[in-house]
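One chain, chain A, links the two complexes that follow: it is found with chain B in the first and with chain C in the second.
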Partner chain A sequence: MACVSASVAHSQRELLTFPLAPAIRAKLSSAGFLTVADLNNVKPSQLSKEAGIALEDALEVVKIISGEGKTPMPSQSALELLEQEQNLPSIVTFCAKLDGVLGGGVTLRQVTEICGAPGVGKTQMCIQLAVDASIPEELGGAGGEAVYIDTEGSFIVERVADIAMATADHCHRMAASADDVDIGNYTMETILAGIHYFRCHDHIELLATIHLLTTFVQKHPKVRVIVVDSIAFPFRHNFDDLSMRTRLLTSMAQSCIQLATNFDLAVSVCAWEMMMMTIMMMILTSMAQSCIQLATNFDLAVVLTNQMTTRFTLGSNGSQLMPALGESWGHACTVRLILFWENSQRHAMLYKSPSHRETTVLYQITTGGIRDVISRKTCSDHEPQEADGTESAVTKRPRLA
Partner chain B sequence: MSALRPWMCKALTDKVWLLLRDANINTVIDFVVRDREEIARTCCIAYKDVVSIGRVLMAQFSTFPLTGLQLYTNIMSSHAILSTGIASLDELLDGGLYAGELCELAGEAASGKTQVCMRCAVTVATVHAQNTMYIDTCGSFAGQNTLQHLPGAHTQEKTTFNGPFFVLLFGEMVEETLSKINCVKVHDIYTLLSALDDVSSSLKTRTGGQHGNVKLIVVDCVAAIFSPILGGQQMDSLALIEHLGRQLKSMAADCSVACLITNNLTSGVEGECQPCLGKVWAHVPHTRVLMGRDSCSDTSRKFTVVKSVRVKTPVTVLAEMNPEYPAG
Partner chain C sequence: MAAKRLQRLDISDELKERLARQGLTTCAVLQDVLAKSPLELMKLSGRSGLTVHDLVHRCCLSQAVKPVTALHLLKSRERGGTFFATSLPDLDKVLHGGIPTATMTEIAGPAGCGKTQFSMTLSVLATLPVEDGGLGGGVVYIDTEGAFSAKRLLEIAQTRLPQQFQDDSSLKELASQVHIVSVQSCKNLMNRLQSIEEDLIQKKIKLMVLDSVASLVRKEYSNVQGGMMRRTDFLASEAALLKYIAETFSIPVIVTNQITTRYGQRAPVSSPHTPDDGDGSVEVDGEGSYLTAALGNTWSHSVNTRLILQYLAGDRRQILVAKSPVAPFTCFDFIITKKGVEQDVQGQGHYKGTDPGKQAIQGRAGLSVGSTQW
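On to the complex of A and B.
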């Protein structure tokens, strides 16, 4: 094992800035090793003796500091990025207006969050995107596969089959109308075979799944979209017994009050709630970071759904509906799309985007999936508008007044 | 301070070093705080040697005094004020972003922080013909977006921005501008620190290349890096926040670059909005600007300076953000 290599040997960079274990770093700093320059020409055996750490640890330290096995961080100019972006397909929603707002569909390399009240079509949107990831490259699609992480149990495979069938039909029609485009064997079966479904029951499973996705995506390089439906559910319901949680909290509050009165202490009770919140926030934000990392490293789109919650504000405003999981989470995703009902029509509002301005558009959900709203006069007959009674999604009505 | 190594100075021979180690004197600090005579007595080293080692160590680890005049001449030679590309924001900041200083932009989600950062990067590339290092932690930097901020972009039809047609149209100008903006995507604090270290070492040694000529460093955003490690049992995160602040400040001063960082605004305990990372971070930026949406118009934003060494605080201005109708 070589010493720290010459290129980094004279750096005054502090050891604090390397991902070393805190216990080892404490031993190193008490032995006087504070910067990279201090480790110059120090052999691992010598380091282990002087700092009083195991030889394996010393080897590990030297390895981390000299940056072995780590590829240098690529820095790219905006021009290179632009050229790459222009070659990347986006994943269409099949609602032309919505695609226009999003800049051609859901963008790869970005994290898109879809928020909305129950029944407004978040899951339908997700299924549509998972199916649309498979649209052949010949037709301008991504021609890839999808990862679908379901936390709510709302992934109904019959519904997916419907949307996949409609998509396959549509693509074959498009291929037939265009000359010399052959999309070969593109059927409902091939689409469904390209959707990898994970069912996560709680936040721990979700976290573990998202962290293991890197290896999964490496094994399945055709994956172009990762859908998480929904991110909020396990975090809003992660306690099996809500009354137990309340009991614990109130008993904690009681003992705090007891402490405070008996010993003249000031105990801030909301701090307990805050503590639990910070741990949740840590998990959420680290998940957001791994999503962004996946999106950039593997050129794929990440789509998350979020629930809506009511925020009460003191004063004249009263309450308003807003995405759940709080403000810190609001910063985490790149694109935020809010779905809502108005005049018994479905609306999609682009609320946050680094590249496109805020806009609101209409969309509808048909048997075949997400579509543009077509006014009665121009309604073409090949779009199946009428339900045949067995489709639950078509007959979905706004549940909120 | 650093460990004592043999041959740090002439009198510190291998033998003396071993003697010092036996007396449990491992670091420079251990040496400095001990009494010289005591060291000479307990370690059986000549008093003359101990004094000479002490003198050399002091000289090595001290800094040099500078006169006010020298500082002033240095500042004047490396002085630069970079325009943000938004006229009223420039005015609010007394000219724009100052080289050697950190400016923080804090705002709620979707308030336009990334837009301001991109506008700055493009302006620095076009107006000042300098390079920008853009460190992106939340995956929001895209080449497509920078196009919108190019001067003259607003006079063209919107459809021409998409696709290679635009590049054909403005070919050279676009290529030259965009190649002046370098982007690194980082996802944790250690890679952020090593990216900054790379930039500062290549700026100090003037090796040129990709990081040469960098005049603006953008970190968008700092809170996204720290949120996953703040709280719970992790004691290091505060030290790392402190370290990032120190590194950015010393880089800004040593290499005379301007730093623009963004931070998130979230509701605090009493329900009012405050920037993340708390009091430890609050003293790091030289200038702190809060930005938010304006209730009257969708495209304009409100900027409020809450901390500054130059201008009276707090001052608020409204600025038009829409790239198609630039302010001024």
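On to the complex of A and C.
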């Protein structure tokens, strides 16, 4: 490709490529305005006369053309990127092994997906991360606030208070052992005051809220993590609307073929479900793009949770659990973590990451939140805990009689 | 929850008309707008990118959710009424006070284990005044199996609180506060739930029970022709509606569920108090199959809390906390008496939990042939 300077390239750009109204575009091209250079120094009144369009429309055209004429972003060297990345704090999970696997914790400027079976701890992980975003910078944390978007309704604030209390205690203990660290005003209350909770009931509310997060984050620049729990929920139900149904069924069949190949759908799935998947994928893609933009533009971490769905596989007897939302969604997130059960223990597997390889670690959920599993015996055939409930103090357990 | 119509948005009439001609005035219109790419919207509205961007922005503003800080939530909940005590003391302790309001709690278990008894006990408790541990309001009991017995309800009330229910008038008042809704089909159920707000407000309902969510869907959706996918869709929208009702009215919603047999696999972990083979699996029902909560994996995600009732050796029964945002895997023995469901003094403890959709449930032991006189 020939190397042209940015401004020359811009003036050669065809007007057709700008987001102008179709009718206006047609009038401009029939009046002979084909590239940006043709509109140089043309005043809106002139344009309006020559192209036969209203004054307001002419003004809009001029605004759009000049608005898009910014010089392109300079490229960054890998060294600059490295320095940037190293200076960014991570959001820890408090399970040291898991943080190690993630490279220090959940990284800022990235979208991380956590998928898992029900009851494995996705919501607990989300709450832990939302609380950990506030860990003071003096202790290596992000020292910021969190946005928690809840679509499941499992955000029980009393539990958040427990985890916040445990985190604050832990931090105070760490600060006490270091000399010059003062985090006096880091309490459960200040942590909770920095968690902004949005409850979305369906995919429209979720989509609208994510769209508007840019404005919210601009007004609350201390936000360091955005958690969405979960992104799968609003899409699992039907989009039953008769008029939309008819409208969609009359649209192209091409997307059906595309879907069949993307989703490995069997032929017997009816057309309606396929159409629904198109809409679903469009909405998901739009949300994924918003999330990526938020993460990179505002230097924050976006964490999404996903459900597992049962995929009935022919050949192997039974079914497999796979992350929900299909294969195409798998491309949307930078980092993918899968939480699963095995031998009655919770495992976390790093499934997709640009910089770390696939590893599986154990974790557990305690009254204070997510923690490492402390292995007592190295080689033992029996589970470490007794059937009558005498476990070590680290496991999540209130004082029972 | 219904999406706003384009009509009510603050955009020019001409634009509204243009969009209406393209068919964008229906209830799901904002979804239509938000689901389309900017290019498509430009084609539909005949406007430029700037206007379209503004239109999308206004749609989002009208639909977006207002945030509240977690601290604010905590303070508003401290005023009470956030947990509904079940009267099983250790269960309440572990659940941070009881069944959380504004969420959906599921009670799953084999037939005859006590799900309906538990629901009826909770119904009685809900009508009690707040000072006595109740919710001080009415109950909507959606009955799909015809299992509700008014007589039993009154017996529970009278035996549990003889002072309060000494005379007939107090019993009558209790009976008048529990509203039974009988539904026979899934569609019927959804319609009823959509229109239930009036009842909830007028009758000051503080608890909703759906007994059971499984019976209707298992009748109507079978495993043929993508029926399972439709069943999952139906359950997901039902869950969304129930949770919406729970949250809007800050009431607990309790649903009961049945059990199903999983074939070809061993149970992931042994239940407490049952002998296991040493490798953690149990043969419950024959060759490598075991019982679990019905309705599948997606439904397990949808419920906020899952309590499983199961049988133990002999006549004993047990309640397991299988999924909870606040409680660990704990189990408690219970018995069914005239007072309803009561906790047994022995048998509290922890158990090795697992995926609540796969947790093995012990069914009732059959009658052993040969030792009984026929």
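Some notes on this structure:
Definition applied: the second predicted complex is superposed on the first by the 308 of 401 C-alpha atoms of A that agree within 3 Å, B and C clash if a C-alpha of one lies under 4 Å from a C-alpha of the other, contacts with A are read in each partner's own complex, and residues count from 1 in each chain.
The rule is simple: a contact is a pair of C-beta atoms (placed from the backbone, for glycine too) under 8 Å apart; a residue touches a chain by one contact, two chains touch by 3 or more.
All values derive from a computational prediction rather than experimental measurement.
Of the two partner chains placed by superposition, A:26 touches none, neither chain B nor chain C. Contacts of A:286 after superposition on the shared chain: both chain B and chain C are touched. When the two complexes are overlaid on their common chain A, residue A:111 makes contact with chain B while staying clear of chain C.
When the two structures are aligned on the shared chain, A:181 is found in touch with neither chain B nor chain C. Contacts of A:38 after superposition on the shared chain: chain B is touched, whereas chain C is not. By the document's definition of touching, of the two partners only chain B reaches A:83; chain C does not. Touched residues of chain A, counted separately for chain B and chain C, are more numerous for C.
Contacts of A:373 after superposition: neither chain B nor chain C is touched. Residue contacts after overlaying the shared chain place A:96 against neither chain B nor chain C. Within the superposed three-chain model, A:55 lies out of touch with both chain B and chain C [touch as defined at top]. Residues 18-19, 22, 270, 279, 282, 286 of chain A touch chain B in one complex and chain C in the other.
Here chain B touches chain A in the complex through residues 1-4, 26-29, 108-110, 114-115, 118, 121, 133-134, 138-148, 163-164, 167, 174-175, 177-188, 190-191, 193-195, 197-198, 201, 210-211, 221, 223-224, 227-232, 235-236, 239-240, 243, 247, 264-267, 269, 271, 276, 298-299, 322, going by the rule given at the top.
Put simply, chain A touches chain B in their complex at residues 11, 13-14, 16-19, 22, 31-35, 37-38, 50, 73-86, 103, 107, 109-111, 270, 274-275, 278-279, 281-282, 285-286, 288-290, 292-293, 295-296, 314, 326-328, 330-332, 334, 336, 351-352, 354-355, 357-358.
Residue ranges on chain C touching chain A, taken from their complex, read 1, 3, 23, 26-28, 30-32, 34-39, 42-43, 46-52, 56-57, 59-71, 73-74, 77, 82, 90, 93-94, 96, 100, 102-104, 225-226, 229, 232-234, 236-237, 240, 243-244, 246-247, 264-265, 268-269, 272-273, 280, 296-298, 300-302, 304, 306, 322-323, 325-328, 330, 348-358. Taken together, the chain A residues at the contact with chain C in this complex read 18-24, 60-61, 63-64, 117-120, 123-124, 147-148, 152-161, 189, 192-205, 207-209, 211-212, 216, 230, 232-234, 236-241, 243-244, 247, 268-270, 273, 279, 282-283, 286, 307-310, 317-318, 321, 341, 343-344, 365, 383, 385, 387-389, 391, 395-398, 400-401.
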